[in-house]
Amino acid sequence: GCGSSDDDKTSAPKSETLTVYAAASLTGVFTDLGKKFEADHPGVKVTFSFGGSSDLVTQIQQGAPADVFASADTKNMDKLTADGLQGDAPENFASNTLEIVTPPDNPAKIDSLDDLAKKGVALVICAPEVPCGSAAQKVEEGAKLTFKPVSEEQSVKDVLAKVTSGEADAGLVYVTDVKAAGDAVNGVTFPEAASAVNTYPIATLKDSKHAALAKAFVELVLGTVGQEALAGAGFAKP
Amino acid sequence: MGRTRTVGLPGWLYVPALVGAVFVLLPLVAIITKVDWANFGTLITSESSKDALLLSLRTSAATTVLCVLLGVPMALVLARTTFPGQNVLRSLVLLPLVLPPVVGGLALLYTFGRKGLLGHALEVMDIRIAFSTMAVVLAQTFVALPFLVVSLEGALRTAGQRYEVVAAGLGAGPTTVFRRVTLPLVLPGLLAGMVLSFARALGEFGATITFAGSLQGVTRTLPLEIYLQREVDPDAAVALALLLVVVAVVVIALARPDRREP
Amino acid sequence: MSLELGARVAERDVDASFEINTGQTVALLGENGAGKSTLLAVAAGLLRPERGRVVLDGQPLLDTDNGVDLPPHRRGVALLSQDPLLFPHLTVLDNVAFGPRSRGVPRRDAQQQAEHWLSQVGALDLAGRKPGGLSGGQAQRVAIARALAADPRLLLLDEPMASLDVEVTPALRQTLRGVLADRTAVIVTHDVLDALLLADRVVVLENGRIVEDGDTRVVLTRPRSRFAARLAGVNLLAGTWTGDHVELDDGGVLFGMAAEPLPQPGDRVVATFKPHAVAVYRDLPQGSPRNSFGVRIDELEPLGDLIRLRTEQLSADVTLQAVADLDLTPGTWAAFSVKATEIDVYRLA
Amino acid sequence: MGRTRTVGLPGWLYVPALVGAVFVLLPLVAIITKVDWANFGTLITSESSKDALLLSLRTSAATTVLCVLLGVPMALVLARTTFPGQNVLRSLVLLPLVLPPVVGGLALLYTFGRKGLLGHALEVMDIRIAFSTMAVVLAQTFVALPFLVVSLEGALRTAGQRYEVVAAGLGAGPTTVFRRVTLPLVLPGLLAGMVLSFARALGEFGATITFAGSLQGVTRTLPLEIYLQREVDPDAAVALALLLVVVAVVVIALARPDRREP
Amino acid sequence: MSLELGARVAERDVDASFEINTGQTVALLGENGAGKSTLLAVAAGLLRPERGRVVLDGQPLLDTDNGVDLPPHRRGVALLSQDPLLFPHLTVLDNVAFGPRSRGVPRRDAQQQAEHWLSQVGALDLAGRKPGGLSGGQAQRVAIARALAADPRLLLLDEPMASLDVEVTPALRQTLRGVLADRTAVIVTHDVLDALLLADRVVVLENGRIVEDGDTRVVLTRPRSRFAARLAGVNLLAGTWTGDHVELDDGGVLFGMAAEPLPQPGDRVVATFKPHAVAVYRDLPQGSPRNSFGVRIDELEPLGDLIRLRTEQLSADVTLQAVADLDLTPGTWAAFSVKATEIDVYRLA
């Protein structure tokens, strides 16, 4: 961005588009925040590209036209900063912890983390390679338990889907996922969750053609409006 | 009217045929039972759904055209010429079929992306392909092209060259033979190939999200929208999936040629 | 020489070559599998032989020795093959107009030409049909019209008259006669009439080799090969000339009139005589015809007002009356007797 | 040996054919350039990679068998009989092609899952499909079956019924006709369909992960392993993708029949 | 009656029906497109007519009125069609053995039967080949063997002799004669010899309708249709009987001998006479033959030792000498003259 025409402070309501790349787990909250942002900035349209954090990073590395990137973990944000693609330094804006999820009728009678290791429980967790899986592994090791999952999924949503469909008796997902799923599931909190907190960082991007707008969006997320919305969706403070 | 007689099929054959049909149809029925009919209308007429549907139809149509332009010559070269390494080439052309679409999308990124093989050349020409609607078309073409090539090559081989040879003997040059004999004779095969590639393009997800991203109105096709809606509103996702199915059935039924025995 | 056609196709055991003049028509004869269609395919450029040479009006179309091999559409050679192969997606009219259109003739003119040729083969009323709806003979006629409409420099006809009805055959033969009169053409046929009426020359193939090649009338009146003799309807026996008579290959002896160029003792010769010249008895006769054979009658064929008796090697034409008097039926033993004056003996080339 | 002549192709046709070939091949080259050759061996011989590869080969082979058993009868019924609603049925059978695989996986869950359409019936029989290798095969069969049906139906139609009719006239009953005439005549088409379904099964990702889950050695096929490795070790993912490509090329090349003109 | 075959196929303008006895062979004659193959297809069960009835030995194979329609493989009817259609993936031997094998004959026996029939058609040496490598005539012979080997209750042969060479035709005709002797069969042919030698009965089709149906020898010696006359090689003119002579449809007058059953004045009649009975002059003669016509000679055909002169409607057989003396060539005008005693007049049924 060698001094491109991104001076958006001009009050002339010309149409501009801000592009936000955000982790899939932020879909609900960020869509709402986007609407809010558009209301605050007439003539600006916010579009989102939601996806797995690592997909998004790869795309940005290959030149995707992103102005803001919000990751579901620090590892993926680190890849970006390693390439020097961030604008301002990343800031953590939310965190998430694990919660046990079961079908509404809780057929396997799961009350605690220990119950997940019971024989005959169809347990589904994330694979250790993805963020929610490494969190699950930490919890498992911390509690000195040995899980025998029937499946190690690629993403939290895949875990949730197995539980909502009644296929699995229990799963380990994020608090926010349990909240978003509403009546479709039953959540069981457990104290050991505190040992594995997942942090969400956000940053503007170096090549952004709307640097000022991007900054404004990051500020919105970090500000009270953003934090309230995130809390409403179940996210904790970073 | 006098009717040419068909030889009957062995009766036992209907059993596995029925099992197969049920196996394919039951899941579709299952989807339909999950649809929230009360809100079906509002779910599929939201701004983002309409954008996604239109984008899907536009890009799939463009993909089909591109597949015909590139695939027909490829099928002809594979079916009508012989050259060393032809079999290897044919296998390679089939590869997008076997590549998980996400890997295909990655491969496209490595090719057309900023840091890709052609990245520098494209940058010099000031062409940005990735993350544009063009990228969606390229991703869909990459996965759909083998369908057209394979089905058309098969049709060309089965049709044989007897009529082409006769036409050449009557003085027709290669272009005339191609236009007036080859193409009309394999038209059913070509149409079948077009339907297949259109269908494959319409359902394409993995390569698109990886190579083109998911921007509403620009790169977010119907399958991507379905995926996204699943995060926030599973009912909407199911409704959209049904919409996709209906669109596909309509297109396939419209395109189906009146296939009579030759 | 205007057409030179030679090819060796080992896989099919064909190795033959002949030449004809511009405007001449040659009839290619020979039994099933002799290699007739193979030679035509080489000329048309549909089959590439190991070795071959096709030269038309001085222009080499194929010359394996010098690496010349024109593609079919640049040869100016039209082939009517044994299978009509009408384009299934075009109407009869468009099928016939295909050749002219490919030559660049405008659509309307091409269609007029097509109509002309369709009427020549008596198929004008089929113009609007698709080939799928034609009977076998109808399709064959349309294929003939299509080949003729292509107006090629060289016309190759592979059994054009097969499966045509008796109503149309004479008329079509007449049409072909007109068309072939000033045209270089090769016609494959199993019918001696086609050869006689349409061809200036006859080439006879046997097992892929040429065994006879010459003026039609000469070949059919003085055949030197069994096949040509059979075709011409004359009897032919091969043997060796002793100076006085023929010692037949199967052991008998035959007296006949040696024709010019006179054979020398020891020369290979063929003896021919007409079925008409054969007298038939129930028992071997005593008398002037010194040539008599005991034969078993295989077949009786009506031939005009006469009956042709066929044996394994020979034929005799007799009246119905004679058949009745002698009580001849297939399987009967009889004596065939021929006067020496009726037998011509030729030296083999 | 004498060779039957092929009619030449128009020269201009080679240009788009080449463009098409480059378009498909360049991304494959791009992948190869990304491979970390130094560690290639260790990357693809890890325990999890070997498990994934073996599972992929086993399930894809089983899928191909299942596709033949169900798809051949289906193709025959579609190609050789006429009944009301046939065109609609044919479109519906094509649907798994157009359905994004993830949606297809959902549909399978809704059907064979514990709470699905057949869930109760299966539970009674004590059959648990989800999370088993059987589920992988079902998911792959669901997406691969249309490939076999479409290509075989095309081959059957192009081959026509002339020979079958002759065989019936010689006294052969439907089963004999099927075994001794129909099947041998469309063998190339059948093999092509088998290659296509095997390839599609080998690359299947979305339906498998949704319906069968992902457990090493049981349900985690090579595409799933690739996807997972991408999160932690992109080098390993690229190496595995290349492995998948090589396996596919080998299988396709081996299966390719010696296709001669009929 | 053992075979009853009737069908109406409006689309092809065919509406015909005939019956034959068990063991009889009928020759189905008619011009291209007359509907011959159509009738065979109906009998074999390959074409379903709007209305039709096929009854074989009392068993209805097809009866549209009563909803009977047996599938082809349960009819016991083998059809040799105009196109050989040999199974391309089977060897020649396996092609011929296909019928016996389908009847349940064990493999070895079936192959022996196949070898037998192949040798009957002179194609035993082709046994190991694939059909793709056969010449046109070779394929046709194998197709004949395959149809015969199927040993059907009803055998349908559509132009079995087309494209066969002169070497094999007489032998094959002999074979067919043996096979057809005690077999119910329908044979389509354009060759009068096939009809004469192979068939007991002749059915002539014209435009899809039966115009003649009777004993072979009767039809070919006393033809009542133009087509049969042409085929039989006799001249035929149609007209109305006045009680004394025939008023021809084209205006002329013809004197002849009325045959039993005697026609009544006003009856439609046909007059036939042999080409042999025609005397040819350059000018209209004065003299005893009261029947003379001015004609234009279209064609000269050799016929044994004679020459057959063809005009648009009539033929005359004359000697070579006469042709030379009168200087007859295609296009010449001449006078044909026939004695009234040579002309037979038949009442049309």
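Going by the order they are written in, the chains are A, B, C, D and E; count residues from 1 in each one.
By definition in this document, contacts are C-beta pairs under 8 Å (C-beta built on N, C-alpha and C of every residue); 3 or more make two chains touch, one makes a residue touch a chain.
All figures in this text were calculated on a predicted structure; none of them were measured in a lab.
The fewest steps needed to get from chain B to chain C, moving only between touching chains, is 1.
Touch-path distance (fewest steps) from chain D to chain E is 1.
Under the touch definition stated at the top, chain A and chain B share these contacting partners: D. Contact analysis places B-D first among chain pairs (by count of C-beta pairs in contact).
When you average the Cα atoms of each chain and compare centres, the chain farthest from chain E turns out to be A.
Here the spacing of chain B and chain D, counted between their Cα centres, is 15 Å. Mean C-alpha position of chain C lies 55 Å from that of chain D. Computed from the mean C-alpha positions, the centre of chain C lies at a distance of 23 Å from the centre of chain E. In terms of their C-alpha centroids, the spacing between chain A and chain D amounts to 35 Å. Among all residues of chain A, those that touch two or more other chains are 58, 161.
Within chain E, contacts with two or more other chains are made by residues 38, 45-46, 71-73. Contacts with at least two other chains are made by residues 5, 7-8, 106, 116, 165, 167-168, 173-174, 177, 230, 262 of chain B.
Residues 30-34, 36-38, 82-83, 134-138, 140-141, 158-159, 162-170, 173-174, 190, 192-193, 196-197, 227, 230-231, 233, 274-276, 298-299, 301-306, 310, 317, 330 of chain E are the ones that touch chain C when the two sit in their complex. Residues of chain B touching chain D in their complex: 5-17, 19-21, 23-31, 33-34, 69-74, 76-77, 80-82, 87-104, 106-108, 110-111, 116-118, 141-142, 145-146, 149-151, 154-155, 157-161, 164-165, 167-168, 173-175, 177-178, 188-189, 192, 195-196, 199-200, 202-206, 223, 226-227, 230, 237-238, 241, 244-245, 248-249, 252-253, 256, 259, 261-262. Residues of chain D touching chain A in their complex: 106, 109-110, 113-115, 130-131, 209-210, 212-216, 219-220, 224, 227-232, 234.
The part of chain B that touches chain C in the complex is made up of residues 162-163, 165-174, 176-177, 180-181, 184-185, 187, 262.
Remark: chain C residues 44-46, 71-73, 76-79, 81, 85, 87-90, 98-99, 102-103, 146-147, 150, 152 touch chain B in the complex.
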